[in-house]
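Naming follows writing order (A, B, C, D and E), and every chain is counted from residue 1.
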Amino acid sequence: MPWYQLDDPHDPKLDELARQYNLHPLHIEDARSEDESVKVDSGNLYTFAVLKPVYLKPDPDAPTEQMPTFTTIDIFAGKDFLITVVDPVCPATTEALERARRDGDGEHPARLLYLILDTIVDRYFSAIDHFDDRIDALEDAIFDSPSPEILAQVFAIKRELIGLRRVLVNTRDACLHLQRDPNTIIDSEHQLYVRDTYDHVARLLDSVETQRDLLNNSLDIYLTSVSNRTNEVMKVLTVLGTIALPAIAISGIYGMNLKGLPFEESPHGALFVGFLTIMCTVLLLLVLRRMRWF
Amino acid sequence: MPWYQLDDPHDPKLDELARQYNLHPLHIEDARSEDESVKVDSGNLYTFAVLKPVYLKPDPDAPTEQMPTFTTIDIFAGKDFLITVVDPVCPATTEALERARRDGDGEHPARLLYLILDTIVDRYFSAIDHFDDRIDALEDAIFDSPSPEILAQVFAIKRELIGLRRVLVNTRDACLHLQRDPNTIIDSEHQLYVRDTYDHVARLLDSVETQRDLLNNSLDIYLTSVSNRTNEVMKVLTVLGTIALPAIAISGIYGMNLKGLPFEESPHGALFVGFLTIMCTVLLLLVLRRMRWF
Amino acid sequence: MPWYQLDDPHDPKLDELARQYNLHPLHIEDARSEDESVKVDSGNLYTFAVLKPVYLKPDPDAPTEQMPTFTTIDIFAGKDFLITVVDPVCPATTEALERARRDGDGEHPARLLYLILDTIVDRYFSAIDHFDDRIDALEDAIFDSPSPEILAQVFAIKRELIGLRRVLVNTRDACLHLQRDPNTIIDSEHQLYVRDTYDHVARLLDSVETQRDLLNNSLDIYLTSVSNRTNEVMKVLTVLGTIALPAIAISGIYGMNLKGLPFEESPHGALFVGFLTIMCTVLLLLVLRRMRWF
Amino acid sequence: MPWYQLDDPHDPKLDELARQYNLHPLHIEDARSEDESVKVDSGNLYTFAVLKPVYLKPDPDAPTEQMPTFTTIDIFAGKDFLITVVDPVCPATTEALERARRDGDGEHPARLLYLILDTIVDRYFSAIDHFDDRIDALEDAIFDSPSPEILAQVFAIKRELIGLRRVLVNTRDACLHLQRDPNTIIDSEHQLYVRDTYDHVARLLDSVETQRDLLNNSLDIYLTSVSNRTNEVMKVLTVLGTIALPAIAISGIYGMNLKGLPFEESPHGALFVGFLTIMCTVLLLLVLRRMRWF
Amino acid sequence: MPWYQLDDPHDPKLDELARQYNLHPLHIEDARSEDESVKVDSGNLYTFAVLKPVYLKPDPDAPTEQMPTFTTIDIFAGKDFLITVVDPVCPATTEALERARRDGDGEHPARLLYLILDTIVDRYFSAIDHFDDRIDALEDAIFDSPSPEILAQVFAIKRELIGLRRVLVNTRDACLHLQRDPNTIIDSEHQLYVRDTYDHVARLLDSVETQRDLLNNSLDIYLTSVSNRTNEVMKVLTVLGTIALPAIAISGIYGMNLKGLPFEESPHGALFVGFLTIMCTVLLLLVLRRMRWF
């Protein structure tokens, strides 16, 4: 059974294969589109699948960290042929093709399709684990020293999860289609295997939901801590003002060039007035204490 | 096969065609209504479709930018006739009709209907790409220099996406109806094509959801940054007050016209008191530092 | 075919008709209840429908504006009789009954039921348009001069939309029931008409959802603008304090009754100290400028 | 037909009845559990129902108000027997049993079950009306004089609605089960009655949703008003500071023991400086006015 | 009937059993995976179940409290064999196996599977009750003395509930599968028992939803109380400033070394000016009172 492996969807070889195996023009259009989604489409002659392998690249919002990137792999799996159109720089794609070549068997395109799909889904677990570690670190950082930079990373991961979630939802639907569609190339033996992959994708989606909940929790924690700190700052400002107010007001009064102020002529005037000031300050602090400000 | 093309739903020619081809009065009412939704309705004699082509016009909230606008096209596609009622100023409509005339074939109204639908859906991709670019620019602007003007644009795009999403949801339902309804004019060959259009609309909806999530993210970033800046402003105010307070209070005390203050008569009184003031200020700053304010 | 028109559900005539036409006691209980929901219930002998016509009355939160109010109409539509129990002061009810009498035909209760339903649904469009205009005005007002009074109107409209949405959802379910229930009085000819009404209700619900989204957008805009203004006020306070602080602190220092201050004896002391003060102020303002506060 | 009425699920009489009528051990376990949910379970021999009657008791968060409390009633309704296990202190339970005895008929357990269910559901309307009145009062109070005490009541009602909603959702499912399950004791005549009860529960759920929306609205209004008041307080603080600043700064300058200040020696110095101070104050106030602060 | 009990999934004995009973390699892979989800998979030969027993361990965020932890139990239940792979340190697992041994019967693997499942689900009730008590305590603490530490516990419980909810949702799906799948080992007699377990899981999920709602309520209460306190602090600051402002401004004015101030030479100048200051202060306080600040 021939397996045609192309590295570029615009290769004229693809047009030739399209003529030879009656590939539908809409599928060729999909393979050549810049912005494909994960999908599976089964006709009488072959099953067409678009998958999105993932690999890690440095994250622009946190250069020491990595972020998942998606490429595309298009598969035409007929009863007696297999065509794959891939991005050759993606390590997940390379691994999937190698595993299919090693464990697969040249007579069963269904097995080859399953092996590629399963390897790609296994790779998503690494992406999720990667986020798990970063979210754990961010949660600790938000509790210990909340800062806008940490928040920028929270939002960057939320953004990445939005994209990852879409790919997983579409991959789950594709697995369902491979199990249930009567036209699909997947035979009854491999339906059990695809069901297992479906379960893995469902578990991945569970994890993504959990991670989104945790990030929202982190965001709430951050916002709460900013509110709290503003409140604390306000209190410190008020307490400081309270301590200084009697000294400022009373010293202002005794700085007036007027006659008739009490103690004005007393040799211990400063002492009396200083005592008065301290009494006022203590009184104000006791009031604030009663209001439980510190 | 005749193709009747009208530019105005109030054209009396439409009443004539209604009599000739037995068009249902409710469909004529729809075609003449000011505020139609996307829909498909299939009877025994013909399929009636209302579609919403989109084109870009300048955005009132950001005059240098463009915003999508919708017009309406009504299609009556019978087995042996086609009636289209369109808004002739919309470039997407013009393109759809031209492509149908060029690629279609006078004997297959199903193909003409598909070609019009597919062209209209292709145009939605430009609207989405347009938003993609603007959202990217807004995200950068919010991180670099958050301002109410940028926020006004975020809300303007959210508003436009609300409208775009409704049109896409209704278009997706219309595609589903064209595939599944037993009365529909779409034959089995073209069902595959309509399914492809359905996939495109589903992908567009995915993109709209992603864009809404990103805009909500941007909004959260903006609000967080406003909270943070208020907190920063409060801190600066408190730190400034703290630096000035000892000077103000102590100088006030030594400005009193009273007797008995320490150093009052000393020739280096200003030096001693200045040193005392600086000590108090440094002490307060150390306390704030300990509280990790700067 | 007799059409019995009652203005009061407690009219003993209704008990008489109940005996004559075998009306179910639960339906009589419904018709006489103070707090009915929209519903349709079809038995072997007749279809019982509760509908909620709407009309506009002055809004207590904004006396120059109007708000939708709901009344109730109960309809018993048998094969050879029609009983309607209505609130005679509601103009929408009056219009619905008049249109049914004018366009209907004494032998088809299905047509009469459809005509009443369709007129009532048409009236909902006026309620929605009314909100459209008010929401547009509120959006502009919130951008131009946000105030608690405008916000009170936003919340008042949200409140009204909650009620309108419930009525529309129940009306949509009632339309679906009239189309699908095998017992319903609606014959196959009128099912097409009821489907059209169903589409209208679906479009109304679309509009209500859009309006809710727009009101939530407005609320977010308001809250953001309050946050922004608080931030602005804080900055002005801090900038003012910053401008005044050097003058206050330095003048306080030179107001001390102490010996040994620099320039104390200089005839141009005020000039030197004034220059020093201005230098400090300018320095502080430059720091704030660097922090991009104005 | 015997009707066994027990006041305590731990009564050994229940074990005896379980042996006599073949009651399933899981149902006996349910009846004796402390924490049952509303449910219906139908076997070949009998229908087992757990219902949750409601009555009002004083609310700990607002002692002058009342809050709904739930008890449990277990019903075993066989073709020729009825067993009820109830909490005898609940007035709703007492009313339900009395109405069943009065209007029911010793030969139809289906009618007895319906009568008990319907009376319990009717009682929920009182609970909802009670909340309606309290929510109306809270809304007015929040607009007139928002306070943390009023907010505590909003949260207390939200909390009660969470519980009420769960009971209603489970009761709705139980009604559906009684209508549709082929094993249920409810005969075709009483299915119509149970459908009516189902409609009532659906309307109750509508009301609970509306009340939740209104409480969320109230919460938004409260938070908005707190934001607004904080903003107002800030403005007053800033305006006061602005009025006082020129007087403080200028008087400080003229309090310095330095030579060379303008007007120092003028006999009308106070007048000139006072005029200068007032000019500065007016200027600042004009700037704030221009910024639309008051 | 043999029951093989393994404590380690990597035991080579499992490979032997896999060969003997034709266990599917994917199930062996699942049993040996580090990160399994709850699931049930039924083939012709046996039912494979992964369950997640729970037990309490000390909570790192509140050392005096306990938090639920999950382990895994894998069950292969064939018609004539049972294989269990468990974590022997988990007390819930130990209890489940003991109860199965005691109440089960060596000839019915379906009964053994049910008994293990039911015991594991019963243990979830303790976890929920544990949260109930902690949430009650947190609610009281948030009303009485809101603090960031209490908030940290709210977020910690939210986090645990996210995990518990996922396990419960998957367990509910597993119960449904055991009831409905035609291949399942559960016979008709035990389907009733599994349905009861399903009801218990549904009730547990109800409780988790309620607890999430209550925690969100608590969070709203906390945030509202922080907003309120910030508002209060602002008011105290402004009132204090207001009390001091006239004294500071007027005493500053009379501290100027200028001629021509009223009362300058009066022997009762201090009295007059003091009276003037007190009048200004009282006036300002009356204005704030009118604005209802205290």
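Throughout what follows, a contact is a pair of C-beta atoms (placed from the backbone, for glycine too) under 8 Å apart; a residue touches a chain by one contact, two chains touch by 3 or more.
All values reported here derive from a predicted model rather than from experimental measurement.
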Interface residue overlap between copies chain D and chain E, same or different (over half shared): different
Rotational angle, Cα trace of chain A fitted to chain D, multiple of 5°: 145
Approximate Å spacing (C-alpha centroids) for the pair chain B, chain C: 22
Whole-Å gap separating chain B and chain D, where each centre is the average of the chain's CA atoms: 35
Sequence positions of chain B contacting 2 or more other chains: 227, 230, 234, 237, 241, 248, 252, 255-257, 261, 264
Graph class of chain-chain contacts, one of line, ring, star, complete, other: ring
Ring of chains, enumerated from chain B in the sense that reaches chain C first: B, C, D, E, A
Footprint of chain E on chain D - complex, ascending: 24, 26, 35, 37, 39, 41, 43, 148, 151-152, 155, 158-159, 162-163, 166, 170, 219, 222-223, 226-227, 229-230, 233-234, 236-237, 240-241, 244, 247-248, 251-252, 254-257, 263-271, 273-274
Interfacial residue positions of chain B with respect to chain A in the complex: 143, 192-193, 195-196, 199, 202-203, 206, 209-210, 213-214, 217, 220-221, 224-225, 227-228, 230-231, 234-235, 237-238, 241-242, 245, 248-249, 252-253, 255-261, 264, 284, 288, 291, 293
